[in-house]
Structure formats: structure tokens, C-alpha cells
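In the two complexes below, chain A is the common chain; its partner is chain B in one and chain C in the other.
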Partner chain A sequence: MIKSAQSKVEYLVTYIVWGLSILLLLSMIFLIYKMVGPGFSTIRWDYFLSEPLNSGRSGGISSILISTLLIVGVCLFVAIPIGLGTAIWLTEFTTSQSFLGQNIRRSLDILAGVPSIVFGLFGNALFCRYLGLGFSIISGGLTLACMVLPILIRSIEVGIRSIPSEHRFSASALGLSTFSQLYHLILPLAVPGIVVGLVLGIGRAVAETAALVFTSGYVDRMPSSISDSGRSLSVHIYDLSMNVPGGESNAYKSVFVILILLFFLNTLTMFLADRLLARKVMNE
Partner chain B sequence: MIPENERQIFKENFDNQNLAPKPFLQTHELSMSYRAKKAFHNISMPIHFGKITAIVGPSGCGKSSFLMCLNRLAEMIPDTQISGHIELDQNNLMKNGACTVALRKKIGMIFQKPSPFPFSIRKNIILPLMEHGQKNRRILNEKLEFVLKKVGLWDEVKSRLETSALQLSGGQQQRLCIARALALEPEILLMDEPCSALDPLSSAVVEDLMKDLSKDYTVVVVTHNLAQAKRIADYVAFFWVQEGAGSLIEFGPTKEIFENPKNPLTLSYISGFRG
Partner chain C sequence: MFNSNTLSPQRNDFFLLWTLRSLSLIGGALSLLILLFIVFESSSVIQEIGGLSFFTDASWYPKEGLFNLVPMLAASLLAAFGAALLAAPLGILVGVFCNFYAPQSLAWFYRRCIDLLAGIPSVVYGFWGLVFLVPWIGSLRPPGASLISGIIILTIMILPTMAMTADAIFRTTSKSQLKSASALGFSKWSIIYKIVFPAARKNLFAGFILQIGRALGETMAILMVCGNVVQLPKSFFDPVRTLTANMALEMAYATGQHRSALFVSGLLLLILVVGLVFIADFFEQDLRYD
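This part shows the complex of A and B:
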């Protein structure tokens, strides 16, 4: 068989691409092993069920898990309706050239890159002080919502814009109202974009540390309500590894829990998006 | 809506060609521009009741845009300006308060590319009906069967009404789209090159269907295919680009346009010298 120069280049490129992928995969496996390994081997069920003792050196993380879920819950409860609404407004009610639409999009792109510490200080000033919510789960959740919204809106917008315009034209030609076009056609077809936005948003919310230190505080007791202060898992990990001598083993366990939590929340998101929206369309 | 007796009179008028037919739909100096570019300019033409009107002409002469103005779909395209007016049954369609939902129920549209929704075959037809207030399941099923039979699709799909419409072939999808439009009982069907994205066999089926539909509906069809226009149309409108915008060059009965065109441009287009 004669190999031309071109086919040699093709072989080379194939090897490079494979090599890089394997390198990436190995480093991911190594990372997860290093993070999960120590926690996985020592974690017990009662770690999830008991409250932290002695600044978290012993005991569990029940109160922290509850606080985390409440903070993320408040964040999504606020961010999802506003995010969907804004994305729909940007795609359906403004043209891509309009002054308002263009500037809102630009602002969102800038906001998506703002460091979380800035959001934290903003949340502290607005929610904790100006609105008088104090260091509380609700302040933390609202601050996270502000952080998550730019990513959420832009992903949903891209999802909606990727829908072929023929669908809109034929729906309008059949006299379907804007509402039923959205409900039956546009949103179900935009599910991939919505899921991407939510997964990225949840990831950012669960991982957030700096913004929460300034807004939801870091007491580790069980929160009595959402207007009480609460410590999130990421803050707990930060505190155990930086401020509490002898906290490493429990920090590793929390790292394991946060990965499980992310996996669980993402799976739940995909499941719900499929159940609520994607079932309405049949692609094949 | 036109009362049934008047509809009969219209038909009789056409059948004995002696009386000058009154147009059913009439555009008056209709112009459309997209940003700074004019799509078509000052088009005044009648659409006659119960007849097939074919709009022919080269690409980019505003045929499709003109068609999309007739059910006010062109307004959905950003940055378009439309002037002039369209009269249907002596009502001005371009009036600001005119209800586009009711209008689009009355004037159905078929696009060049078959565009069924990503739903089941049944839902494709039933959803618009439900949207327009029909909730009775028995009537919905009757209409579903009626329109699918009308487009000759019933025997092909009756055993798989719940499967995705996207599994159908191109020609079947286009017929489903026609059935979907017919289910709303429109009076006028606008067809934007309904055969051009189909293979020759499907194209022939859809063409026969168009001929058949003209017994019950007023049809306006945009086509590139002169032979097709000659075969099916009762009236032909010939569009050409003049001074950078699409213009109506000639309008008349098909026989006249093809055998005795008044405008030299029409003659050179239909005989294949230009366009």
C-alpha cells in the first residue's frame, strides 16, 4: 500500500487527537481519585445525619447539607422563572438588532465574567444591609441567583434561537398564539439549551464560596428558617481546610458529598426537563 | 365568511365566463421593503374566487414575499415595512386592529420546505384545531380522518397516527402540512413552491392534489415551474424585477398569458429567452 504525504498527516492528527483525549481522561480520573478516595473510604451513613461538632472536626454535616439545599433551592426558585422569562423576552419580543436587546445581552455577558467576590459584596450591600435580610439563607440564595442568571439566560436564549424558523412560520400561519407556540413547540424544543443552562447554573451555585461568606454567613448549626444564617458545603470545605487544624479528613468527606450532590442535582434536572417539556415533542 | 348562496353565484359567474368575475381578494398598491431593500413595489392584483392563481417569475422578484403578505406573515420578519392594502370580502386586511389569528384560519399557507411539527401525525393536525376552540374528541377524530383522506394520506398513515410526523417521506410530510392547513377549513390556500423540495413522483402527487383542491378552495401558488403553472393555473401573474424591486408585469387568464402575452418581457420569459 502506498501512503501519500496527506494520509501520513491524517494518521498523525488522529494519534494526536486520541492522545490528548486520553491525557484529559487520565487527569480527570486522577483528580477524582485524589478528591474522592480519602473521603470515600472513611465516610459512614451517620456523617449525613448528625450535626457538626468541634468546628466540624468531628460529627457530620446534616445542618450544612440542609443549608446548602435551601440556598440552592432559593437560588433556583428565583432564577428559573426570571431566566426563562428574560430568555423568552429576548428571543420572541425583541429583534437581535434592537438597542435594548443588544445592551441587555452585552451586560449579561459581562456579568457572567464578574468575580464571585464582587457578587458577594453586592449581595451583602443590597440584600443583607439595604433590604435588611441580614446574613441569611435567603440573602445567599438571592445573591447566587444574580450570579447564575447571566449563564442561565444566555444558554436558554441560544437553545431557543437554534430552533428552525420554519416552525415559527408554520405555527403562525396556522394561527397559533404566541403562548401556545411557546408552550407546545418552542420550550420543548429548547430543552437541550435549558438543561445546559441549569446544569452550569447549579454547578456554579453549589460550588460558590466567596459570595456566600458575605451573604449567608458561616455558622454551622441547623438553620431554623430561610431567614436564618446557614453554612454551605463549599464554605464548610473551605473552613475545614483553611481555618480548622485537624479538619482535613472531614473536609475530604465533604468533598465526596459535594460531588455526589452535584451528580444528583444534574441528573434530577435532566429528568425533570425531560418529564415536563421534552416529552411534548417527538424527534423521530 | 361568504354566505353559501353568494358562493354559488360566484361559481356560476366563473362557469359561464360572460360576467366579469369580481375578485375575492384584491391587493392595492402593495409594497414591501426589507430594511433599505425593496422586495416588491406597487402590486395591485386580484385573486379570483375558486380559481388557481399562479405567480411566476425569476428568483428574487418578490413572489414569496408577496404571498407572505397575503396572510400578514411577512410582518413576523424583523425590519420589514409594508404599505398599501389588501381587501378580502371588502374588508381591509392591513387594518391595525385586524385579528391575525382569525385571518390565518381563513387563509392557510403551505411552505416550500415541508415543515411538520415534531409531534405525532395526529397531534400535528389536532393541535391547531384545539387552538381554535375545537375540544370535542369525536369531531377532532372525524376531521383528522377527513383531511387525511382529502390529501390521500389516510391509507398510508392510518395505522401509525401516533408515530412522529418526521418519519414520513418528504412528499408525505408536505401532504400532511396541506392536511393540517385544510383542517382549519380555510377559504384560501397560499402555496409557496409546494413541489420544489420534492422528488418528481411526490411532486406529481402534490400537483394533482392542488388541482383537486381548487374545486373547494381558492388557491394562490408561487412556482418556478412554468409548465406546472400552465397545467394547473386558471390565472397567471408574471413578476419581474424592475428598478430594483419586484413588479407585476402582467396578469391574466393562463391561456392568454401563454399564448398571447401583451408585454414583451412576458413573451421572452415564457419562451425561455430570459429568466
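This part shows the complex of A and C:
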């Protein structure tokens, strides 16, 4: 008697879990389809090659793509050295008890939780105002650099930590200086982790909107230099859907472009993280 | 492979160490720098009108020097809590399904979809909300751009991370406990209900708190679907403006006291979010998932 009641509950729960999960999965697929579909069916190659006309209602996104590329470029140019240096120092030169190391780690954890709009406020105050860079690609890139730094550092750290300590012992036994050890041993082995961090960081930077609206600005013409204002793809989508009546069909195309780009980056990250990182550690 | 001058040049090591150390100091000082700048920028208006005015002023009329943040704070909190409350059970459901019910290939596909959704930028969710969700809610009860649209969009946005968190937590449930339980003849659901859930309770709660923090900081999507009217909502169908939306909308042209007041709202948001991170840390048990 008890047993049958219990198995009834069991059946019921199994049906509910399966039913709800499949429903949820289908709605997720539907959601992705609804976002990608309209852009996919209307986009043509010249969309990538022509400049936006009439506030983006017609024309393409060539200048937008260039601005996005420049913003991400500035971001990486600043974030890579700082991120790499910090990650190496945290993993190779500090112990878990070190006061400075612990606090830098905590500070980075907090940084990872700061909302993107607050990065925008900070970037606006520091880069646009105090450093006098104005609404420009360089301000936007620097703001994004602060934002992607925690992700970058975390992935590089994971990459470096996966190197077995035997390697370091052998290098020390051979009398290699710390510098040569880093240059000839640690860095080459840490490349997969660095690449994963970079791809994750680029993904985050491409997706970001709130921090860019008032640091790199709205201007949609081709930027002449990195101190010019430039509109990123995500800001373009925002502007087309909120401020430009009749911009919907072109917004769909931009959504399609950004989603394909992010899908590509996402797949690349997964591939690298799964294959390269795992193989590296197993083979050594 | 190594020529003679790669061997132990002590001077190089010294420079290297100090370069690395200063780079990490830059990295580590950033969060302090952000806090300092936000505090510094907001201090001028706080000194002029006092901190209490942000909660007691008649309304938010920045041109007339009235800076009441309460309606926007309420909107932010309502939207974030609402979304987290909806997303938490769904996320736990996904975690349970992928770990205990689905065959491996389906679980893989499910996780892949969740991954994809997690990577979609908030502006794209906002666009979807604007094109589909808002008209749909509007057909139920105008105007459509409302608190409930914001809650739904935020739910969709934080569901993937909530699901990933739950998935990671359930995956680490002790295998030996699961085996002993099934050896004792426990059915699948009673294992989940009596063993997995109690063990995961604290970490799930920590994940829930973190998601509230994320939802609070979300800007673009909620800006695009909430209607942006500064008011205390009387029902879920009233348009509202959140703290983040307010900053994004007014920052571009704000000057003087107004600009400073926006930094005050940024400071408030920062304190709330970092506070939530600390609370989550307190509940989280020895489990690391990224």
C-alpha cells in the first residue's frame, strides 16, 4: 500500500520534471529562433559594407563594425598586459596567505560583480572628464578594459594553475632564472588559458552596451581616429530600437550579426576550454 | 635551447618581479578607484542638500533640485526580487533535469542551449522584449511597457546563470551518498528531495542572492521594456523607471547637481550589489564553480 503511493508520487514527479523541462527547452529554442530568424531572412552582404544612412533606417553597418573593432582593440591592448601580469604574479609569486595577494584577489572578485552601468559612470568621470578624452573610442575601450579584467585574469590563472609543478621543479633544478622559466616554460603552456580568457573577454566586450552609451558615444559615421566618438554594434541596436522609429528591420539584421558573432566566440571558447586545456594537462 | 644569457641574470628577475607586482597593483586598485570616483562625484550634491533628501524629497525633478530616489529604488528592488523568485525554481528544475532525469545527450544539448542564452547581450533581450513582450502585455492590459514586462525579461536573462549554478551544485553532490541512498531502496525523487536538496540548500541560496545582484545591475533590457515613468507602481502593469535605467537615460546630458545625483544613485546601486555579493559569500559553502 505504502509502496504504491510512493511510486505514484514518483511517476507524477517524473512526468512533471520531464514535461516542464521540455517545455522550457522548446521555449528557449523558440526565443532564439525569434531573435535570429527575421534578420537571417533579410540580411544581404552589402549590409556589412555600406555605411548607415538616415540614422540607420537604411544602409549598412560598416562604420559601426569598424568602431566596435577599434573599441574592442583598445580594450584588449590595455587589458592584456595588466591581466597577464596580474595573473602571473598571483599564481607564481604569491602564496595563498600573502596579504597583498589575498586583497588583490578579493578586489578582483568585487570588480567582477560591479554592474556595467557603474563602470559606465566611472569611465565617464575618469576617462571622459578628468583625462579629457571626451566621448571617444579610447574612453569606451578603456572602460571595457576595466570590465573584462576580472574575467581575463581568472581564465589565465586557471590556465597557469593547470601546469604541473614538476615542470617548475625541473626548470629550477636546471638553474633557469625566474624570467627564463616564465618565458620559456610557463607562458607557452599557459597559452590555452590565455586564449580562453581573451575570447571570453571579447565576448563580454562585444555584448556590452550600458557602459558604452556615455563613454564612447552615439556617432554613427566612420571614426577617423580612436579619439573620435564611435558607436558599437550593441549601442546601434539600442538606438535603432528605442530612438529611431522604423529602424526595426535594420535592428533585426544587427541583432543577427551580433548573435552570430557571439555564437562563434562561445563555440570557440568551449572548444578551446574542453580540448586544448584538457589535452595539454593530460599529455604533459 | 637556452643560450648562456638566459641563465640566472638576477637583475632581470628583479625588474620582472616589480613589473608584475605593479601591474597587479593596478588591477587590484581598480575596484577601489571606482568606489573613490563614484563617492567623489556624488559628494558635491550630498554636501549641498544632505543625504536624507534622496529619500524625502517630493519627487525626482532634477531641474528643480528635487532628487527623490525612492520610486526608482523600489522599482529596481521589485523587478530584481520578482525576477529572482521566478528564475530560481526554473533554474533548479533545469539542474535537476540535467543531472538526474535527462539522458546524457539531451543533458548536453540542454546545457548548450543554456550556455547560448547566457551569452546573449542584454540589449538583444531588450529588443526582443520591445518587439514581442511589450505588445503582448499591452494587449492584456495597456500600456504594456511595465513592471511585469521588466520582471519577465529579467527572469529570462538570469535563468541561464541560475540554471548553470544549480547544475554545478547538483553535480558536486556526494556520489557515495547517492549510491548508499539508492542501495537503501530510496526512489529517485526521494533521493533528490531528501538528500540532494538539503545538501545543496545553502549554496542554492547563495546563487539566488547573486542573481538578485545581477538583476539589480541590469540596465539595457529593463530600460527598453519598463516604460521609464518615475513613479511608485500601484500594480504590476504600471510603467516604472529603475535606478539603472535612470542613469542610462539622463547621464548623457546631466550637469552639475543633477549629474552628481546620478552618481549618488550609482553609489547606492554599487553598495547594494556588493553587499549582496558579501551575503552570498557568507552562505556559500566550500564549493567552487565558475
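Throughout what follows, the second predicted complex is superposed on the first by the 227 of 284 C-alpha atoms of A that agree within 3 Å, B and C clash if a C-alpha of one lies under 4 Å from a C-alpha of the other, contacts with A are read in each partner's own complex, and residues count from 1 in each chain.
In the analysis below, a contact is a pair of C-beta atoms (placed from the backbone, for glycine too) under 8 Å apart; a residue touches a chain by one contact, two chains touch by 3 or more.
What you see is a predicted model, and the numbers here were worked out from it, not measured in a lab.
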item: Most chain A residues touched (candidates chain B, chain C); value: C
item: Which of chain B and chain C A:Thr95 touches, first, second, both or neither; value: first
item: Contacts of A:Ser162 with chain B and chain C, given as first, second, both or neither; value: neither
item: Touched partner set for A:Val213, first chain B, second chain C, both or neither; value: second
item: Touching partner for A:Thr42 - first (chain B), second (chain C), both, neither; value: neither
item: Which superposed partner A:Asn54 touches (first chain B, second chain C, both, neither); value: neither
item: Which superposed partner A:Ser180 touches (first chain B, second chain C, both, neither); value: both
item: Contacts of A:Asn243 with chain B and chain C, given as first, second, both or neither; value: neither
item: Contacts of A:Ser227 with chain B and chain C, given as first, second, both or neither; value: neither
item: Partner chain in contact with A:Ile117 - chain B first, chain C second, else both or neither; value: second
item: Chain A residues contacted in one complex by chain B, in the other by chain C; value: 174-177, 180, 184
item: Contact footprint of chain A on chain B as seen in their complex; value: 71, 73, 76, 78-79, 100-105, 108-109, 111, 113, 115, 117-120, 127-128, 131-132, 163-167, 177, 180-181, 184
item: Residue numbers on chain A that touch chain C, as the complex places them; value: 6-7, 9-10, 13-14, 17-18, 20-21, 24-25, 28-29, 31-32, 34-35, 81-86, 88-90, 93, 100, 103-104, 107-111, 113-122, 124-126, 146, 149, 153-154, 158, 174-180, 182, 184, 203, 206-210, 213-214, 234-235, 237-238, 241-242, 248, 251, 255, 258-259, 262-263, 265-266, 270
item: Chain A - residues contacting chain B, complex; value: 95-97, 164, 166-177, 180, 184-185, 189, 280-284
item: Chain A-touching residues of chain C, taken from the complex the two chains share; value: 1-2, 6-10, 12-13, 16-17, 19-34, 37-38, 40-41, 90, 93-94, 96-97, 101-102, 110, 113-117, 119-124, 126-128, 130-132, 156, 187-190, 210, 213, 216-220, 223-224, 244, 247-248, 251-252, 262-263, 266, 269-270, 273-274, 277, 290
